[in-house]
C-alpha cells in the first residue's frame, strides 16, 4: 500500500470541496481519479501534497502520516506532481527545469556549491546525466537548451513529467496530462506512462480523456461534487449505474467510442 | 491641549486620506503603485500658489485650475509611462514602479527649475478665517479640509457602486480581461482612473498649501511615502481604508508629537505598516485575497 | 528582424554612453571672468599673480539655490578682483548635488589637478566633513563659506571657514533677546535630520543652560514636513517667553507663520540659517518678532554693503543673501592672501599666508582667523520689525 | 602616463563604482529568488555605522570591524527576512522601504551613539590604513614609484576590486548550482518550486540575508572609503538609486547589476556639464527605458545569445 487516503474532508468557507473521501493505492498501480469539472480532483491532489491543508482526515504514504508535512518534505518523501495548468519555470531551459526537479535528491549547501567540492561536482554531474536521460525518455532530448516558455504545449506537458520524475518519486501525481493533446500525442503519452509504471513508479492520474483512462488505469475512483461515487476497475466503473447517470451518461457515446 | 491636538491630527489625517485615495484608486484598478502621485500632488499645490498669489485669481478658480492641470498630468502619465508597459511580455511588476519613479524624479526637478527650490507662500484671505471657542482656535480651512475629504470619500464610494462608469471601473479592477469581454472599454476606464486619482492629488495639494502655507518641490516625496503607508494600513485598493488609514496616521503622528518624541514622527508611518503587514497583511479593510501579489 | 535592430540600437547607445564617459571627464566649467586678454598681457609683464581656485558647490538638486548664490557671489568678486589687476583668479567650478560622494569626487578632481591652488566649498557641512580631511591630507587649502557646524576648522591645518559658526551667531542673538524681553522660559524647535539645524540646536541648548534659562520643551521636525502644528501646540501650552528655532529659513518661515496663526506671539530667536529676506516673503507679517544673529545685514546703510547690493543686483537682477555675501568676501580673503604669498603656485605658502589673515576688511566687517582657522568677527543681531529687517535695539 | 591614470579622481570614482556594484548585487540576490527588497539602504547603514563606531571607539582592526558590520547586517537580514516571508511583490517592497526609513530615523534619533544628523567624522580611511600598514612592514610607496596619495587610492581600489570579484565569483558559482536553481525556481513559480521539493522558507530567508550581508559589507566599505557618514547617506533616495542600478542594467542577469551600477555612477560625472538638468534627464531616461526595454538593458536572452546558444524570445 503506497498511499492511503483516509476520510479526507476539505471545506473552503461554506463550500465543501471534498467530503469524507477514502481510497488506497497499491504499489505499481496506475490509479485514476475522474469526475466532472468541480468534482474536487485537483483539490484532492492539493491535499495529498499539502498545498492546501485538509480540514479533516489523514493521508498515509508508505504507512507514514504525511498530512501535516510541508509540501517540500512530502516531495522529499517521494511524492511528486504535475499541474493541470502547466507550471514550468518559463525562463529556464528544459534541462534546468528537470534539474530543479532533482533538488531534493542532491544535498550541496551554499558552501559546497560555491567551493565546488569533489562530491558536489560528482552529484551535479550525475544529476545532469540523469536529467538528460529523463528528457530523452519524454522525447525532449533535442530541446534541452530551449527555454521552457518557448516549447510547444505538448512538449511542456512532457517536460513537466520529466521534471517530476527527476525527484525520484515512488508516487507520481499527474493532473490532466493529456489535456490539449492530439491523438498521436495522447498515444505517446500512454506509452510514456506505461514506461513510468514499468520503472516501478506508482501513478495517480486525473484525466478527462476517458478512453485513455480506461486503457491506462488499473483502478479508478470517481468523484462527484466532492463525494466519492464509485471505486473499481475500469470495467466496473463503466458499468456502474450511478457513475453512468451522474457522469458518463451524457458523454458515453464519444468517450467510449 | 488634547482637543487642539485632535483637531490638528484630523486636519493632517484628512489630507493624508485624500492623497491615499489617489494611490488606492490606481492600485485598485491597475495593481500598480504610482510613485509619481506625490509629485502630482506637489504640482497641484504649486498651481494653487501660481494662480492665487501670482495671478490673483479667486480661490474657486485656483481649485479648478489645479484640478485641470493635475488631471492633465495624470493623462500624460498614463500615456507615456503606464500604457507602454501594459500587456507587454516580460514586464515585471518592477517596470511600472521604476517608470513612475522616473516621472517623480522628472517632476520634482522640473519644479526646482520652474519654481525654485524654496518654499512658496500661499496666501488667501480664506485661510485667515477662524473661530475661537474658549482657548481653542479653529480655522475654517481645517473644517473645509475635513469636509472635502469626507465628500470625496463618500462621493467616490457612491460613484463606484451606483454609476455605470463606476461599475465598469470596478469590473476592470476585478479582472481586466473579463471586463473587456463584457464590453467595457478598459483603456478608457484606466485612463479615467489615473485622471481622477491625479485630480484628487491636485485637490490635496491646494488644501495643504492653504492649511500650512508651505509649498515646495520636496513636499511630494514625504507625502507620497505616507500615502503608500496608508494604503497598506487601510488595505490596498480600498476607499474606506484609505480614509480611515489616513486619519489613523494623522492622529497618531500628532499624538506622538504631543505626548511622545517628535523625532520619531517620520518613522511611525512605517512602524505601523510593518506591524500591520505582519499582523494582518491585507490591511484593516482589505479582503483576504488581497494578500500577496 | 526588428528585434535585432532594436538590440543593435541599444548596444550602440550604450557604447556611445561609454564613449561619452571617456571624453567627458575633461568637461569642467572654467570661468576666467572675462579678463583673460588683459591677464595674458599682465602675465608677460610678470606683475600679476595668477591663481586657479577650485570651487565645489551645490548646483543641482533640492538645495541648488544656496549653491547658486555662492557661485554668483564668487563670480562677482572674481570679476572685480581681476579688474583691479593685482591678482588674476580663475575659478574651476564643480557641482556636488548636495551629496557627500559627489562632493568627494569633485574634490578629488580638483586636488588631483596640480595647477589648482586652493578650494572653496563645498556648500553643506555634511559634504564638507567628507571632503575636508582629504584636502588636509593632500596639503591643499580648503575654505567653507557656508558651513557652520561645530568642528569644521578643527579638521586640520589646511581647513578654514569664513562663515560665522552658529556658536557665535546664536549666543549673541539670544543674549540680546533675553536682555530686552527679560525672558526666563524658552521653548526650542529644530530640524533633527539636518546637520546644520542640529548643530544650531546644540548651541541653543548649551547657551540656554549657561544663561540659566528654563527650557520648557524641545521639539523636532523633519525635512519635507509642512505641518508643524502638533509641535507648536505643544510649545504654546508650555507658555514660553521666547521660542528658539534652529531652522533654515525655508522651514523656519513656515514655522513662524503657523505659530502666529496659532496665537504664539512671543519673539523667535533663530540662527544664521534663518536670516533671509525670504522669511518675510513667505511668512509676511507673521515674521515680525524674529531675532537672528548674523554676520551679514543686507539692509544695512553701511556704504560697502549698499555698494555690494547695487553691483549684485546689476549683475544678477536680484538682491544678494548672506550666502552670496560670504562667498564674495571669501574670494577677497583668498586674493588678499595671494598678494601676501606673492605666488599662485605654492599651496603651502598660500596656506600660511591665509592663516595670517588679520582684520581683513570685507563687507561682513573686520575679519580674522583664530589659531585653528575659525572665524573671529563681530556678530550683528537683527530683527524683523514691520515687515523689514532692522538692527536690533535693546 | 601611468601617473595620469593613477589620478586620485579616477580612482575615487572607481571606488564608488565598485561599492555601487556591491549595492546593486545586494538587491540582485534577493530579487533572483523573487523578493524585491528595498531595504539595502538600511542594511548598508547598519554595516557602515557598526564598522565606523567599532573603529572609532574600540580601535579594532578594519578587517574585523568591516566583517562584523556585514555580519550584523546579515543577522538583521535574517530577523527581518523571516516575517517578510508572508509578503510578496509590492508589499514586500514597501515594507522593506519602510524598514530602511525606520533605520534612518533611528540613526537620526539615537544621538548618544550616532551623533544624530551631524554624522560620524574621523572614520579611518581604508587606503590610509593600508599605507600605514605597508610602511610598518617597510614598504615605501616611493619604492613602487608611487606617491603616497596614489598608493592610498590604488590600494583601496585593489581591495575593493578583490572584494567585488569575490562576491561576483560567489554569486555566479552559487547561481549555477543547486542553490541558484532553487532561487530561480522560487522566483519563477513559488508553488511549483515548493512541490519540487524546495524548502522555500529556507531559501528565501537565505537570499534575503545574503542581500543584507552584501549591503552591510558595501556600507562598511563605504564608511571607510569616504571617512564620514551621516543618516542622510542611507535615505529613501539611496534605496531608489540602488534599485535603479539593478533594474536599469537588467535584473534578470547578474552582469546587469554590474553594468547598471557602473554606467549610472559614471553618468553624473559625465553629465557634469549639464549639471542643472541632469536629474530631469535622468527621470526621462528611466521612463523611456521602461517603455522600450522593461527588463533592463541586458537580459537573459541577450546573455544566452552571447554565450552562443540559439534561443529566441517566445511570442506566446
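Here the chain labels run A, B, C and D in written order, and each chain numbers its own residues starting at 1.
Assume a contact is a pair of C-beta atoms (placed from the backbone, for glycine too) under 8 Å apart; a residue touches a chain by one contact, two chains touch by 3 or more.
Quantities reported herein were computed from a predicted structural model and do not represent experimental measurements.
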Checklist outcome for this item: Nearest to the mean of all protein Cα atoms is the Cα centre of chain D
Checklist outcome for this item: Note: of the two pairs B-D and B-C, more contacts are counted for B-D
Checklist entry - Looking at C-alpha means, what's the farthest chain from subunit B? => result A
Item to check | Cα-centroid distance, subunit A relative to subunit B, in whole angstrom | outcome: 49
Next on the checklist: Distance between subunit A and subunit C based on Cα centroids, please, to the nearest Å.
Outcome noted: 72
Checklist entry - Any idea how many Å lie between the Cα centroids of subunit B and subunit D? => result 32
Checklist entry - Whole-Å distance, subunit B centre to subunit C centre, using C-alpha means? => result 36
Checklist entry - So which stretches of subunit D touch two or more other chains? => result 105, 108-109, 276-277, 279, 313-314
Next on the checklist: Quick check on subunit C: which residues sit in contact with 2+ other chains?
Outcome noted: 60-61, 64, 192-193, 222
Next on the checklist: Among all residues of subunit B, which ones touch two or more of the remaining chains?
Outcome noted: 109, 221, 261, 263, 266
Item to check | Touch relationships between chains, expressed as pairs | outcome: A-D, B-C, B-D, C-D
Next on the checklist: Which stretch or stretches of subunit B touch subunit D in the complex?
Outcome noted: 32-33, 80-81, 84-85, 88-99, 101-110, 113, 221, 225, 228-229, 232, 236, 261, 263-264, 266-267, 269-271, 273-274, 277-278, 281, 291-293
Item to check | Footprint of subunit D on subunit A - complex, ascending | outcome: 49, 51, 70-72, 75-76, 80-81, 83, 87-92, 96, 99-101, 103-104, 106, 108-110, 113-114, 116, 120, 124, 145-147, 149-150, 163-164, 167
Item to check | Complex contact set, residues of subunit C against subunit D | outcome: 3, 6-7, 10, 14, 17-18, 20-21, 24-25, 27-29, 59-61, 64, 94-95, 97, 100-102, 104-105, 108-109, 111-112, 125-126, 129-130, 133-134, 137-138, 149-151, 155, 192-195, 198-199, 222
Item to check | In the complex with subunit A, residue positions of subunit D that touch it | outcome: 170, 173-174, 177-182, 184-185, 188-189, 191-200, 206, 252, 300, 309, 311-314, 316
Next on the checklist: Which residues of subunit D touch subunit B once you look at their complex with the stated criterion?
Outcome noted: 36, 83, 86-91, 93-95, 97-99, 101-102, 105-106, 108-109, 236, 240, 243-244, 247, 251, 276-277, 279-280, 282-287, 289-291, 294-295, 299, 313-315
